[in-house]
Amino acid sequence: MALNVLDLEKPIAELDKNIAALKTVSEEEGVDRSVEIAELESQRDNLISQIFANLSAWDKTLIARHPSRPYTLDYIRAIFDDFIELHGDRLFADDKAIVGGFASLSGRPVMIVGHQKGRDLKERQYRNFGSAKPEGYRKALRLMKMAEKLGIPIISFIDTPAADCSFGSEERGISEAIARNMYEMSMLTVPVVVVVIGEGGSGGAIGLAVGNRILMLEHSVYSVIPPESCAAIIWRDPTKGPQAAECLKITAQHALENGLIDEIIPEPLGGAHRNYDAAAASLKAAVIRNLEELSELSAEDYAKDRYAKFRNMGIFGTEPQE
Amino acid sequence: MALNVLDLEKPIAELDKNIAALKTVSEEEGVDRSVEIAELESQRDNLISQIFANLSAWDKTLIARHPSRPYTLDYIRAIFDDFIELHGDRLFADDKAIVGGFASLSGRPVMIVGHQKGRDLKERQYRNFGSAKPEGYRKALRLMKMAEKLGIPIISFIDTPAADCSFGSEERGISEAIARNMYEMSMLTVPVVVVVIGEGGSGGAIGLAVGNRILMLEHSVYSVIPPESCAAIIWRDPTKGPQAAECLKITAQHALENGLIDEIIPEPLGGAHRNYDAAAASLKAAVIRNLEELSELSAEDYAKDRYAKFRNMGIFGTEPQE
Amino acid sequence: MAPDGWFRRKGNAAGKAARKHLDALPDGLWTKCPKCGEILFSKELEKNLKVCSKCSYHFKLGAVERLAIMVDEGSFVETDAGLVTINHLSFPDYESKLAKGCANSGLNDGMVSGTASIGGHSVVICVADFGFMGGSMGSVYGEKISRAFERGIETGSPVIIVNTSGGARMQEGLVSLMQMAKTSAAAAKFGRTGLMYISILTDPTMAGVHASFAMLADIIIAEPGALIGFAGQRVAAQAQVIKPPQGFQLAEFQLEHGMVDMVLPRRDMKDTLAKILAMGARR
Amino acid sequence: MAPDGWFRRKGNAAGKAARKHLDALPDGLWTKCPKCGEILFSKELEKNLKVCSKCSYHFKLGAVERLAIMVDEGSFVETDAGLVTINHLSFPDYESKLAKGCANSGLNDGMVSGTASIGGHSVVICVADFGFMGGSMGSVYGEKISRAFERGIETGSPVIIVNTSGGARMQEGLVSLMQMAKTSAAAAKFGRTGLMYISILTDPTMAGVHASFAMLADIIIAEPGALIGFAGQRVAAQAQVIKPPQGFQLAEFQLEHGMVDMVLPRRDMKDTLAKILAMGARR
């Protein structure tokens, strides 16, 4: 547990420890310490509120990458019934960095696709740290086209540091795969709801993120480039990630301000990793509400709506022409 | 040259040699031997006619595989203008066993796809003996879908012993690739003319052969299994290929009789390899005529026509049901 | 697995008497597992859906057995049973092979087609039988598959095909190759309806069947350990002069290479199918 | 290559004076080939379309130079030249980089768009300029590409895009990532018209541009030796801790891996484009 505590969480962890100790003592000794515990818990929650009211873009980055943060399969387990995982791109391989399949959302069938990170060292390698290869994007596309054919909505979970850039991925066209997904996703005749649950890492993210609605969890980030890489380019110093994160304005809040996403999904106090169930409930409610709103559109409209949405993204001026 | 003479061609080659010698002598000595030459040529042509009137299915197989037989690129050079070869499946590789691209046929744009065998040892390896891998079928499909998008007709040349069955091809889904091509080809909204120019080798052939018109050159073959493999299974003796070829009835003539192809394109006397230009002219005329006939259909009709054509292929009876 | 209770066959009553289990199990009380060598009590093996209780080896199932464990009891109604094979090439020994296949399987072709329900969902279903000439595809087989897709379109039903096949039936020559194109075209026509097509690959599914409709489903499910591929291993090995990779062409290999959606133990098949069908049904 | 004769620019006259060759050629009479080291007479090099006469190395071309050798003389009319960049994130040093890019290239963005004819075929054409901030894609760039596709739809013209880019323009943050989706969606909308889209990949075409509209063309043509890929070689090498394969990410590597239709020498570009356009035109 201690390994999974961020610096900014240390004071919180300290109080957590005290509360836990008090509870243990209370149980062991059979003495009612509930008032004291409630006092400490309230103290802790105030502390969390304080800390989380002033998170920097870099803090958000660290929380978005938190090793205890719920991943796609955690949300799938918590939110959906009857998840039937489907595998493979029918071309080359089954990429474990992207999962997908049918599931039932409050009794309605949906197709899920999403990046999947690994929790422990072994699973991280198995999932390639959530960095998908061409076959991952192609699997996702196959499933999305299947959903389109069957007329069921698509929910896409974004959580990747970046697309895989190994030699093999270059050889098999990682660029083509990402580009093709955006091309095809833009034309899908079913609703597509995208949720950035952790890291929205540049091309690796956008390759699954062309939706009618783009939602971001409160402490997730979405960026054109990893802050460390940006710092390495600008200041030739990858340790200046914090400054770069600020410049890039990679938080959900900024994305909403710039009109690039539709909604921020609130996380439980202290971040999604402090309460999976509450995070999942919050996410579930947002997804259902967005799907319900979208259900008013016709099949043709979904593509038009998506086109209009992305077509409008761009911040520029116009000079008068001579 | 002598290496490329079939046993059945040996008497012809003998006369060819005599004629050539006579011509040389005639030139060197400056004596007019034209009468003598014409006599020999007529004798040779009669001999060819005799031999070719009685070809067995196995003889046809050998002629279809003749190392001097014109291949796809030979026909492309002879028949089309402005061939622009296009490469790659955008997924994994460029397969040299299938070529394809735009070309102009009597001033009209067409898309060509076709198996390509190699002439000498080096080129044979380069072309993998005309045995295509998944990436070859996927390249062809990409080009055919492009033709559909642009609204231009497709001409497919069939000339393969079989699809590639290396481990790599199995790993990358050679079955899927062949199946997918048939699936997609059946739905194309442009005319598709297929010409079997040499070997129509089982799955490797049908993966490019779902057309509105299926033409076969006079001495080409088309079979569900290589005769040698069939013999190996039935008689546990691959040398009994000749008998198996007979049983399988793999000639163009039988395919036409069984209603599985539309037309036989006549070859020049002694086979296409004896006169590339004449073979190409014959093929060109047949393709143009078929395309003209097909031009009367609408875009939707091409798929319907193709469906009806293949849907009707099957020879079976029906018992009265109780 | 008592076929007579649930299997309402319309035609071809003649074959009925000959029907029996097809997968070369010895007739005795005991059966030896070909994978682990365990001696299994045949009745227990039957109860376990013909899966070895020690090593999970999945024995081959005949079409009749397969239907019994897959569809809702009593729901199967056979269609197109009256289609009969013609030896139009006068191919040597074809008739005797057909007769043997008929005796083996109690069927008049390697493909049985019909309608049924699974977990209450109506489906068009086709089941292949390896006992009939190795499940090879000739004209009757291809026609049944094509009609099944067309029936799916007409009735708005999903199509499920349980495959096992050595490939195209060479005794019918070129016309059997054309069944690949015909069934693929039928799958394409069906595919445009928005209805679901599920293909199940059982041991073995090879060559002309694998390289046509079997690989064209929305969802492809393989049974554990099933041999699945284009060319026979010997052919592939000949072409390479090297040893095949570990587990070459097995179901698990196909999963790793992205060619199947899942490898599903036989005991989970029916429930999973019902769940998948539910996804396609509510639109 | 005399820009003034054929280049009718509508807007942004201010930049015109600053326009010059962009590819870091020394200003002198002689130019050293960076590949083979040959010292080339600059005028000869220009005449040879900036291809080394000894080793065929293709020097980078600015957008203006590129247009001069690609389209019918006098046919180019620029569009959307009035779009200007806004530093909406107040990203440090962005303005100075823009100014430098402008001075370098004589352009106000790394992408020039317009209409032209090639071999008599009317086209919508976009040409990138590496001299403007490494051809990086921001809002203006993405907007020009998107409008080009829409102009193609409106006028029924094929679209040709000559690419060179280091990727998305990080100084615009997330909105520059969204240009990937926006341009890809525009390519998709255009793709449904049955009109032809040709993408030309020149040295270098990387990252956000390579992974969006640049790879979505019907026909993709690469210039010999062009570096083409998703991630920079250093990034890829870091991830692998091994040496990249021979010729990694070069045009010829992309051809071998099925990602481009052809590697075409610069001297053949215009004629080949005209031939390809003819194929799409007569329908």
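Should a chain be cited, it is by its letter among A, B, C and D, assigned in written order, with residues numbered from 1 in that chain.
Note that a contact is a pair of C-beta atoms (placed from the backbone, for glycine too) under 8 Å apart; a residue touches a chain by one contact, two chains touch by 3 or more.
These numbers were taken from a predicted model, which means no experiment stands behind them.
Participant: Moving only from a chain to one it touches, give the least number of moves from chain C to chain D.
Facilitator: Tracing touching chains, the least step count from chain C to chain D comes to 2.
Participant: Taking each chain's centre as the mean of its C-alpha atoms, give the chain farthest from chain B.
Facilitator: A
Participant: As a quick test, compute the distance in whole Å between the mean CA positions of chain A and chain C.
Facilitator: 42
Participant: Taking each chain's centre as the mean of its CA atoms, how far is chain A from chain B in angstrom?
Facilitator: That pair's centroid distance is 53 Å.
Participant: Using mean CA coordinates as chain centres, what's the gap between chain A and chain D in Å?
Facilitator: That gives a centre separation of 34 Å.
Participant: Quick one: which residues in chain B touch 2 or more of the other chains?
Facilitator: Residue numbers touching two or more other chains: 90-92, 171-173, 176, 180.
Participant: Out of chain D, which residues touch more than one other chain, so two or more?
Facilitator: 191, 215, 257-259
Participant: Pairs of chains that touch, anyone?
Facilitator: Contact pairs between chains: A-B, A-C, A-D, B-C, B-D.
Participant: Along chain A, where are the residues that touch chain B in the complex?
Facilitator: For chain A paired with chain B, touching residues are 90-92, 134, 138, 171-173, 176, 180.
Participant: Give the list of chain A residues in touch with chain D in this complex.
Facilitator: By the definition above, chain A touches chain D via 163-167, 169-176, 178-180, 182-184, 186-187, 202-203, 205-207, 209-210, 222-225, 230, 233-234, 247-250, 254-255, 258, 260, 306-307, 310-311, 313-322.
Participant: For chain C, which residues count as touching chain B in their complex?
Facilitator: 10-13, 81-86, 88-89, 91-93, 138-140, 142-143, 146, 168, 170, 172-182, 184-189, 191-192, 207-208, 210-216, 229-231, 235-236, 239-240, 242, 244-245, 248-249, 257-259
Participant: Which positions of chain C touch chain A when the two form their complex?
Facilitator: These residues of chain C touch chain A: 191, 194, 196, 215, 218-219, 255-262, 272, 275-276, 278-280, 282-283.
Participant: If we count contacts the way the header does, which residues on chain B are in touch with chain D in the complex?
Facilitator: Within the complex, chain B contacts chain D at residues 82, 84-95, 102, 104, 108-109, 135, 139, 146, 149-152.
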